[in-house]
Amino acid sequence: MKNNIVDLQDKLQALLHAQRDNFIQGKVADYIPALASVQPDLAGICVATIDGKTVGAGDYQRPFSIQSISKVFGLVMAMNRVGDALWQRVKMEPSGQPFNSIIQLEWEKGIPRNPVINAGALLVSDVLTSHFSASKLAFLSFVRKLANNETIRVDKQVYLSELSHGNRNAALAYLMKSFGNIEAEIPAVLSHYFTQCAVAMSCQQLAQSLLFLAFKGVDPSSKSIICSPKDAHRVNAILSTSGMYDQSGEFAFSVGLPAKSGVGGGLIAIVPNYGVICTWSPPLNSFGNSVVGMNLVAGIAEELGLSIYH
Amino acid sequence: MKNNIVDLQDKLQALLHAQRDNFIQGKVADYIPALASVQPDLAGICVATIDGKTVGAGDYQRPFSIQSISKVFGLVMAMNRVGDALWQRVKMEPSGQPFNSIIQLEWEKGIPRNPVINAGALLVSDVLTSHFSASKLAFLSFVRKLANNETIRVDKQVYLSELSHGNRNAALAYLMKSFGNIEAEIPAVLSHYFTQCAVAMSCQQLAQSLLFLAFKGVDPSSKSIICSPKDAHRVNAILSTSGMYDQSGEFAFSVGLPAKSGVGGGLIAIVPNYGVICTWSPPLNSFGNSVVGMNLVAGIAEELGLSIYH
Amino acid sequence: MKNNIVDLQDKLQALLHAQRDNFIQGKVADYIPALASVQPDLAGICVATIDGKTVGAGDYQRPFSIQSISKVFGLVMAMNRVGDALWQRVKMEPSGQPFNSIIQLEWEKGIPRNPVINAGALLVSDVLTSHFSASKLAFLSFVRKLANNETIRVDKQVYLSELSHGNRNAALAYLMKSFGNIEAEIPAVLSHYFTQCAVAMSCQQLAQSLLFLAFKGVDPSSKSIICSPKDAHRVNAILSTSGMYDQSGEFAFSVGLPAKSGVGGGLIAIVPNYGVICTWSPPLNSFGNSVVGMNLVAGIAEELGLSIYH
Amino acid sequence: MKNNIVDLQDKLQALLHAQRDNFIQGKVADYIPALASVQPDLAGICVATIDGKTVGAGDYQRPFSIQSISKVFGLVMAMNRVGDALWQRVKMEPSGQPFNSIIQLEWEKGIPRNPVINAGALLVSDVLTSHFSASKLAFLSFVRKLANNETIRVDKQVYLSELSHGNRNAALAYLMKSFGNIEAEIPAVLSHYFTQCAVAMSCQQLAQSLLFLAFKGVDPSSKSIICSPKDAHRVNAILSTSGMYDQSGEFAFSVGLPAKSGVGGGLIAIVPNYGVICTWSPPLNSFGNSVVGMNLVAGIAEELGLSIYH
């Protein structure tokens, strides 16, 4: 599993190069203008390891809209804040449904299947909104601390765009509230949710900021405890069974790493005891996952033998 | 992760002893008399490792009805026989539904979500029935070879009992056939399916027979190749996301191992590069998983640090 | 079918008397305090005929919250206002689901199954909100004109109570909006909807105000045209297949009249070419229909041979 | 509503003529060869009245496969045989789902929504199979008696064709059996069901045989009691809310008569106190209803003012 930096950089470059014809296979998210206007052939990959190395290729230092990858940060914050009480309000099961489905939420009486589908992330946003006096700032501070970078910011245009196209998420939130499973006011919950989705980060920043999940909850550079070993385990488990929307099973089957994608084209994969891979390429497949991103992670996992299933 | 045999045996005994009050928390499967009559406080645990050690405690040498654990064997046989063509007829996604749900099968036009829910296992049974001239014998031979034990047999009483209570499985099979996704005659498919479910094996036999999944497809004792490394990986991935029915996410979250349960009370967990754990205790929880079995696997995984998610 | 007034009054009294022990079989709607506090043993029945007679018994002149009966008035207003364009945005099929289900709305991409389930009535409210400069006033004026009674008003307490418990209806509205099937702002739509639900009317006022549906769209007393004969037919058809929520089939089966119920305990039944029956008794069955009200309508329909199905 | 025979015949001819261009709008049922080979431009219409007149146009005397229209005969037989006990095993609610949906059957634990969707008709077939020593003969005798025609027979080719394409109906039947709601053996139930579907009758025979439903249960020509007035009412109610599959609401909305269609292209409509209309034209719309047949019934109902909703 060990590789020296030069080797790894060559591999990333080669993998990226091999994907150059695949950008046209997906479709850039177009539900909001701010995402639809992203250049489709931008692409980057970065690997950060727990022993302090960071290697990248392509546009790996260019910030993009992290979108649903923000669900990982939000989840860790909520777990830290309310502890096991969280799991009374959200389950940890794969959904077997599209990420924004309202059907299962109705069946299960307002309890989302897991915290990384939209309903679950809205619930987590409610926890943060209710338990922090300024949850958006707290979120940004948390991410900045993890990435050790104070310049990370919210893309205001994306935020406003999301807000004005947020009717389905509003429907999910009101349905949960009708079951008594939302405490804060819905506009505040949505505002928090769209804020965290609109955070812009680069592959490098994302990879570095999530290393604690590969290192039993500890930030390997600062040695500070970000979450308990148990909670790091839990997050990785949830990402393994549910992180890639309704393609999670296929991703486990063919790649074998805890991962989370976002409709901005980002994709992070945790390699326990090794590091974090982050890729970015905007065109998405029908499940909402980055086509090239999935190929890149599959490629590097294959080459380095990183899967957790063998 | 390393332990000497004596230590491990002590641990297994202690874990088993600690569960003695928990048998009453579940309910023995009672949909057929042959299972309902099993003594509820029988329990065993066995750990087989890839370096050839086998350690057990309790009733770990007593055969029980393997039921859905047979789906693992059937799946490997079908993968070997038809290769990737299998994945045109069954997906590898968690279902988000009870194991015997017919709803999702209708939505997805007769394509089962994965091969370890009932619909998927019936499809696998169709593959075996269609591609082997004597699929039941072939199944039994495969299992006997893996367990290196020619005495393994089908419990006729269980088989007949299943057959006469198999209406829901018949419904699943006919529905798939109506979508053109079953090739053989339904009675033959059901007969194969109930035969493999009715195989009786002990914890020790099951643990030893599945070691190849922890060893990249190779039987560590005979060194024979049971399946490709890729397919061993795939089976482990499927068991991780879907092996514990609609409690798979929770099992990943709290234990962190590829696993498969059966309503006979058996439970197997694969530990890549280490070995296989098999437990047996008949009383089931509401998801159809053995209450004590889950506790035992959780206990040993915790003690030995076996989870794949950290 | 013909009866003189004295006979009919005796019949109504007798039917009402016979129900005196049945109030305890249902449960007064308790989702808002304003409804929960209604006295459960109040009950009234009124029959208004197209030849100008009005006969009642019990509390038939006491106003109650008309709730979903308002959907009939709203529907007629919207049909008059936008014509057949309405049927591009809402279907006219029974739902086969509870009245406030969100599942079918998702399946059918934001097109409600019919205008008398909640989703459909919210859509109608959107039409009224969008096409009238003051839709609440317009609604009230329409109802007052039909009932020939300027004192009919909105129960402010019920309105406010509904508004603060309206999360599920908000979810339905936002989901439709996410599919592009709501034009106005959701808060305005909800405000209109809860206003019309909170109108208070007596059995007598309701029976008289709906006579046009039994008389091909014409108000028999004033001779003014309220809607086209075709639209009167359509409303009666919708009420026959869908007016009694998920008990519509049973009501057709056992009573046989176009009808609409409300959770305030009201129930109206249209008898084409004869008149309108309105009953009121707050305790509801599990479908949200008045227990005693259904018995009363069944009784009078049986006695007078009013069913449309023979 | 009264018309002399010559007038009526002219009207039927004119209506039929006006439809001559509409045959291409639908698609002849092609799930079995025996139906797929029917000539698409055959068409007939017949009106039989309770006062003994029978008027037809086009191919109204040519037998066709009655298919689901047989559900009406079967239902009346079962109601007569087991009485109200029938309604413990099947409901009378519209389904809000396609006619052959298995989803709702799962939700409602094996209790079909109504007796005129496939699941419900299979349940009725089980009742007939279980309660008659020779249910197929009994069915044929019943229909022959009603039509006063001993030549009516089962189309063997259609029967065999249905049988070999009956997997979805088998799935429905086995699912009901798994819930304990089927008493006979499934093959016997299916054999009965496909037999009654394969009966061939002409428009004239169908119209005459169903007159009892327009005449409170009494055969107007023989004066024999076919069913109770209450049961005639119930059948008409069920046909009004559920007879036209998932287009029942629209048919009520635009035509307004209790009706039942079959995928053979037949359509019967009951006019209480007047008579029965039967049409035949094989091409079907997406709901499984005859395109031209619906137009013909709509036309005659409009011209004669037959709707029950005004």
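As written, the chains take the letters A, B, C and D, and residue 1 is the first residue of each chain.
What we mean here is this: a residue touches a chain if its C-beta (ideal position, glycine included) is under 8 Å from a C-beta of that chain, and two chains touch if they have at least 3 such contacts.
Remember, predicted model here, so these are calculated numbers, not experimental data.
Averaging C-alpha coordinates per chain places the centre of subunit C 32 Å away from that of subunit D.
Note: centroid distance subunit A to subunit C, computed from Cα atoms, is 48 Å.
With centres defined as mean CA coordinates, subunit D is found 55 Å away from subunit A. Residues of subunit C in contact with at least two other chains: none.
Contacts between chains close into a ring here, every chain touching precisely two others. Listed by chain label, the pairs that touch are A-B, A-C, B-D, C-D. By the touch rule above, subunit B contacts subunit D in their complex via residues 101-103, 106-107, 167-168, 170-175, 177-178, 186. Every residue of subunit B that touches subunit A in the complex is listed here, in rising order: 91-97, 104, 113-114, 216, 229, 232-234, 236-238, 240-242, 246-250, 252-254, 256, 258, 272-273, 307-310.
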